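There are structures below to look over.
Two complexes come next, and they have one chain in common, chain A, joined by chain B in the first and chain C in the second.
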Partner chain A sequence: MRRKDRGEAATAWMMSLPAILGLGLFVVLPLVMGFYWSLTDKRLISSNPTQFVGLRNYRHLIGLRVITLQAERTETGVQRRDADGSAIFPPLRPILRSDDSFLGYRELTTVTVFDRRYVVVSRDPTFYRALWNTTKFVLVIVPFQGGLALLLALLVNQRLRFINFFRAAYFSPVVTSMAVIAIVWTFLYNPEFGLINAILNAITFGLTGQIDWLIDPQTALLAIIILSAWQAAGFQMVIFLAGLQQIPDVLYEASRIDGANLLQQFRYVTWPQLRNTTIFVVVATTILAFRLFTQVDVMTKGGPLESTVTVVYHAVDQGFRQQRIGYASAITMVFFVIVISIALTQRAFLRSEREVD
Partner chain B sequence: MMRPSRRSRLVRRVAFRALDYALLLLLAGFFLFPIVFMIVSSFKPEKVIFDDLKTIVWAFIPRDVTTDNYLRVFERVPFWRYLFSSSFVTATTVTLGLFVNSMIAYALSRLRWRGRQFVLSVVISLIIIPLEAIAVPLLMIVNGLPWFGGATTWLDSYQVQIVPFIAEAFSIYLFYQFFIGIPKDFDEAALIDGASRFQIYLRIIVPLSRPVFATVAILQALMLWSSYLWPLMVTRSQTVRPLTIGITAFYVLDIRWGQILAFASMVTIPVLVLFIVFQRWFIRSVAASGVKG
Partner chain C sequence: MRYARRYWMTFMLLALVSVGLAQPKDVNLWFHGGVGDAATAVQEYIDDFNQLQSGYRVIYTEIPGGAVAGSGYNDAVNAAAVAGDLPCLLDLDGPFLYNYAWAGFLQPLDDFLTPELRADFLPSLIDQGIYNGELYALGQYDSGLALASRRSLLERAGVRIPEGVGDEWSLAEFDDALAKIQALDEVAYAIDLKMNYGAGEWFTYGFSPVLQSWGADLIDRDGYQEAEGLLNGEAAVAAMTWIQSLFESGYTTLTPPDDNEFVNGRAGMGWFGHWMAPSYLDAFGDDLVVIPMPRFGDTPVTGMGSWAWSITSNCPQKEGAWSFLEFIFEPENILRMVDAEGTVPGRTSALAMSDVYGEGGALQVLVDQLQQGVAVPRPKTPAYPTITAAFYTAMDNILKGGDVQTELDIAVDKIEADIRVNDGYR
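So, the complex of A and B:
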């Protein structure tokens, strides 16, 4: 009997070995090495030996300093104002130059309160812009794409003729490759002869005019959001659909007997019953959205004016294009912590659900 | 309160249904227009594409049909080579992955061994780690790996696009979920007949689990076929580059939209056809990826 157990264990290990080796070498090891390299000045190809630098990469990445500027006054103490009547502040540059500890710092953002101006400076303003852009992207696309997917699922869950056609139509963007379809969308977004401006103008009788989509820092991220939602909504539609089909018919029948209309049925039956599906979709979309890279790399390269640079784009740019493995590993670690926190939040949500039951 | 007459109820029903279909059609237009436009325009001469864009309607109607764009694509870039690379990498990784991931899932779900619980919890915790979080250090690691024939780096090769993605935590989890649902009686009967544990896996579990094999294969193939970040980082030469990188090179040098749309159509149409033929399986696979908790 014991010999048989040992045989079973040996078989188990043999069968697990290829996967354990693969995951160990290509997932766990990069994670561990990534953390280690984030504490060094490692480069992809370098003649100098790699040096341990402690938290320098993280300080460089995250470190912020605030410089307070006092509005300029004349000798009599009256505030000087420009033609528009706003206060005039001394330039930032000489201050950054005068102090060696400000070496490498650049302006990130400014806040002006009456006669004071607070300038936030960072050694890597691109990182903060990337973090902000990625957050904006997530905050917009999660409700937009999730809502769209739920609407699609409710529509194709009806027993109607041709419904299979519609379901296939909504799903078909999912099977396209993002790198390829993003190029097609670049054409659609062209301000002069792009199809999207043409259609918008036809619908609104020329009200929208020429939108500069990917060229305008105000709209570039929005353009990427629309493309991303278009490509992925079908995927989540199917997940919502699976959730909808698990709701027992008796619940709908009972609510109908109680005289509930369609809207009330959705509010009191569908929505609460879909709770776990919704949590899953929200978390999956959030993590997926934080990974935003392909569309940006193909369509805008982070521009214009860094308005579409994302965390992953910045990491790849630093690690692969600039070959700064150590620094890019630090960015990667920050990204990793964000993803982990989102996943843990989901777990907390699901647990509280179970406790209620 | 007056009950609405039968007739007005009928009118309301018809109106509701019409509205329903209008919405369905509008959304179908939104999701299909880029694909239809891409395919239709790829068969038009460059000048006609731009002319037709002015009228919108004509942008979706084929005319002056020509295969010039396609022929020019074949002249300008090694399209068939890209296609081979993409297909080879996808097919090999998926096939090897099905074996490797289902084997460990079998050991985790149906065999008793010390370390089982530990391995299982590590695998599950690895599910959420996206490639983007490890791409940079992974690049560094594969850069220094040896390969048969004396090579000292994996960069710019097929194996660098295949080997790291064979073992995949989420695939293991999907297999695991399916395998624990199969009654143990099957194994016990086979054991009494003198079958080994490995034979049980091969002869009983695998044939019973075709749906989950299809699910994993489809999800993995979709992901690998459209992978961009990794091949961008690790491939340099035309011989190993996949379609997704091939087209971007095309997009940078001398932009000809007709040809780009032809290239994009050739990448999209085969997958689209597969999807239409195996629609039920695609939908089922995606649905299965959502039942996590």
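So, the complex of A and C:
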């Protein structure tokens, strides 16, 4: 290397050193420590010393077993039926408690096929439910929040007076503390007195009735999705706005000359030109959505009936409330692998469609 | 001249050192914030103590939050414990202190307590602080749990008002009272169960006594290893089904807008924790009547236990920390906290000096419940954080549609699994 190049390389290293140190200290080091702790039974506050347990935490976390139950029959072989006419199966709990190999297992889900019932048991059914809830959340919020953000961006991309006021207003939820927003929305979601039910009933003349937003397991996750989309849409709106402003006016003029109306302009000019921006928004929203925690912690504590528990919430609950830091580290390691895989897959899949004109 | 300078230097050095030695030694204190004017009361204690003597200077840090993990204060204490950075003085919520005692973070107080002082404290408070035979924490006050209503309202509803402990309602009488109050036009519903607190320690503190009175319990108190048959047996299922029925029949609501349903008159009765005493007394004065916990089975049971002060084992100024505690344990000072937070004074001498808690006082029922054995402590085990989380999650799920037996079974499984993973917390 020429002396000048070496000097430049050295300067480059020096300039990036603070960032590298920060990254190493706050991202890489906790990751390594977390991985190490996931192989132990470390407890936050304990009088027993921490012991190395190898992959036990992972086995507890992921291990699934299936128990087959036969429908009960009388001595003559006739299938017994209960009052509803469905087959009667032996209760699960005595089976689990009678066999030492099933120690710690709880029911995760049950599939009944004719006269056989297959019960999937796990030592941490909450983790699987958390995975499922998180997946549902991500699948719904990416299009919902992205769509909302695009709509807002289109609205604030106009050259009207005071448009900056609207831009600031739509962005303000992003900079508000999520804990504060969650508490306010808990009041908004109150079934009797909340504003949401009041507005819905006013619009639909009482058709929607009293929705038990955070009480009903069917609506709790939806309630959190709506509030999360409202909070974060402003951020994606700004990104879309930047993308919109890069579209040359010439294209719109040309399309207008060709006789395109507003909808056609959007479909043939705006949307294709926004492809790169959209890809970025989708990938970023997906990764951020996996981190769902604060809203659940403040509003529902994972309930009702584990319908809103997420992976991060479960990890925090196990690590700091049940004090099982080792086990919680295992949860986060597994989650890390899952999210990285999804992010890389997304990039690979979307990259092949990406053509920069 | 050189000698003079040397003497001058020595003199300066000595002066500085003696000034340094004469500086009051710092004693760090963490307080959980409390309800109402509790924080102000503690700050006033500290100001008074610092002025009264010059050997020690107590430094106040308030970390709002409760004892349940995940709420600010408990997280801060855990983090400090792991980092070896605990303050000298710490207040801990009753049943959560056994975890810290078990792990060796707390200094036993037996040597600091004189026999006279020890005898003056309510037995329930001494009992609360003892783990493995040693006293690790002592509170200024104990808690009180009962029912509250308005005398005039009960008379309008035609409901018998119990005289005191020993005259409590039976389950049948309680159901009857609820029905009669519900029928009154002036209330929106019969009783406020403070569901606005959400799934947390309130569920365990306020409602596990119902289970215990019914004949069930959270865990076997003889060894603290098993919960099967106790938390998910017939009595427990009956108790939780009854609580569930209160919501189904409209006697109470799952989503009160705030903490003041009883004060606002929307609810005819309140499930009464002592911290509501200042606002209830303010609102209703002499019309307020405190009703002892009803008898759901053979005997009535109520809750007890509250925040207690402890000295951490790594504290460099243990004498100073204890002299501060001695100061706040003086009866007059205990009563200052009672006024601020409505708690039950922890010393018999303080009780005698109190208007509301003494003989004939409005809140005498709370004291009688503590002194006559109606109060049962929450399980004294390092497993308590798991026990309470399992119970309040089960209760939350049950109230939101879950099956009672299934949820209680899950709670038992979680508790026993945790105890197993921690080798029985021996």
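Here, the second predicted complex is superposed on the first by the 321 of 357 C-alpha atoms of A that agree within 3 Å, B and C clash if a C-alpha of one lies under 4 Å from a C-alpha of the other, contacts with A are read in each partner's own complex, and residues count from 1 in each chain.
In this section, contacts are C-beta pairs under 8 Å (C-beta built on N, C-alpha and C of every residue); 3 or more make two chains touch, one makes a residue touch a chain.
From a predicted model like this one, the values you see are computed outputs, not experimental measurements.
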{"item": "Contact breadth on chain A, by residue count: chain C or chain B", "value": "B"}
{"item": "Contacts of A:Val238 with chain B and chain C, given as first, second, both or neither", "value": "first"}
{"item": "Which of chain B and chain C A:Thr11 touches, first, second, both or neither", "value": "first"}
{"item": "Partner chain(s) touched by A:Phe193 [first = chain B, second = chain C, both, neither]", "value": "both"}
{"item": "Touching partner for A:Leu103 - first (chain B), second (chain C), both, neither", "value": "second"}
{"item": "Partner chain(s) touched by A:Gln70 [first = chain B, second = chain C, both, neither]", "value": "neither"}
{"item": "Touched partner set for A:Gln264, first chain B, second chain C, both or neither", "value": "neither"}
{"item": "Contact residues of chain A, present in both the chain B and the chain C interface", "value": "44, 187, 193, 297, 316, 320"}
{"item": "In the complex, chain A residues that touch chain B", "value": "5, 7-9, 11-13, 15-16, 18-23, 25-31, 33-34, 37, 42, 44, 152, 155, 158, 160, 164-181, 183-188, 193-195, 198-199, 202, 230, 233-235, 238-239, 241-243, 276-277, 280-281, 284, 287, 291, 293-294, 297-298, 312, 315-316, 319-320, 325, 328-329, 332, 335-336, 339-340, 343, 350"}
{"item": "Contact footprint of chain C on chain A as seen in their complex", "value": "41, 43-48, 93, 97, 103-104, 106, 123, 187, 190-193, 212, 215-217, 297, 301-306, 316-317, 320-324"}
{"item": "Complex interface listing, chain B residues touching chain A", "value": "20-21, 23-24, 27-28, 30-35, 37-38, 50, 53-54, 56, 59, 99-101, 103-104, 106-108, 111-116, 119, 122-123, 126, 128-130, 132-141, 143, 163-167, 169, 172, 196-198, 201, 222, 225-226, 228-229, 232-233, 243-245, 247-248, 251, 257, 260-261, 263-264, 267-268, 271-272, 274-276, 279, 282-283, 286-287, 289-293"}
{"item": "Residues on chain C engaged by chain A in the complex (per definition of touch)", "value": "68-70, 75, 78, 81-82, 99-100, 102-105, 198-200, 228, 253-255, 257, 385-386, 389, 393, 396-397, 400-402, 409-410, 413, 417-418, 420-423"}
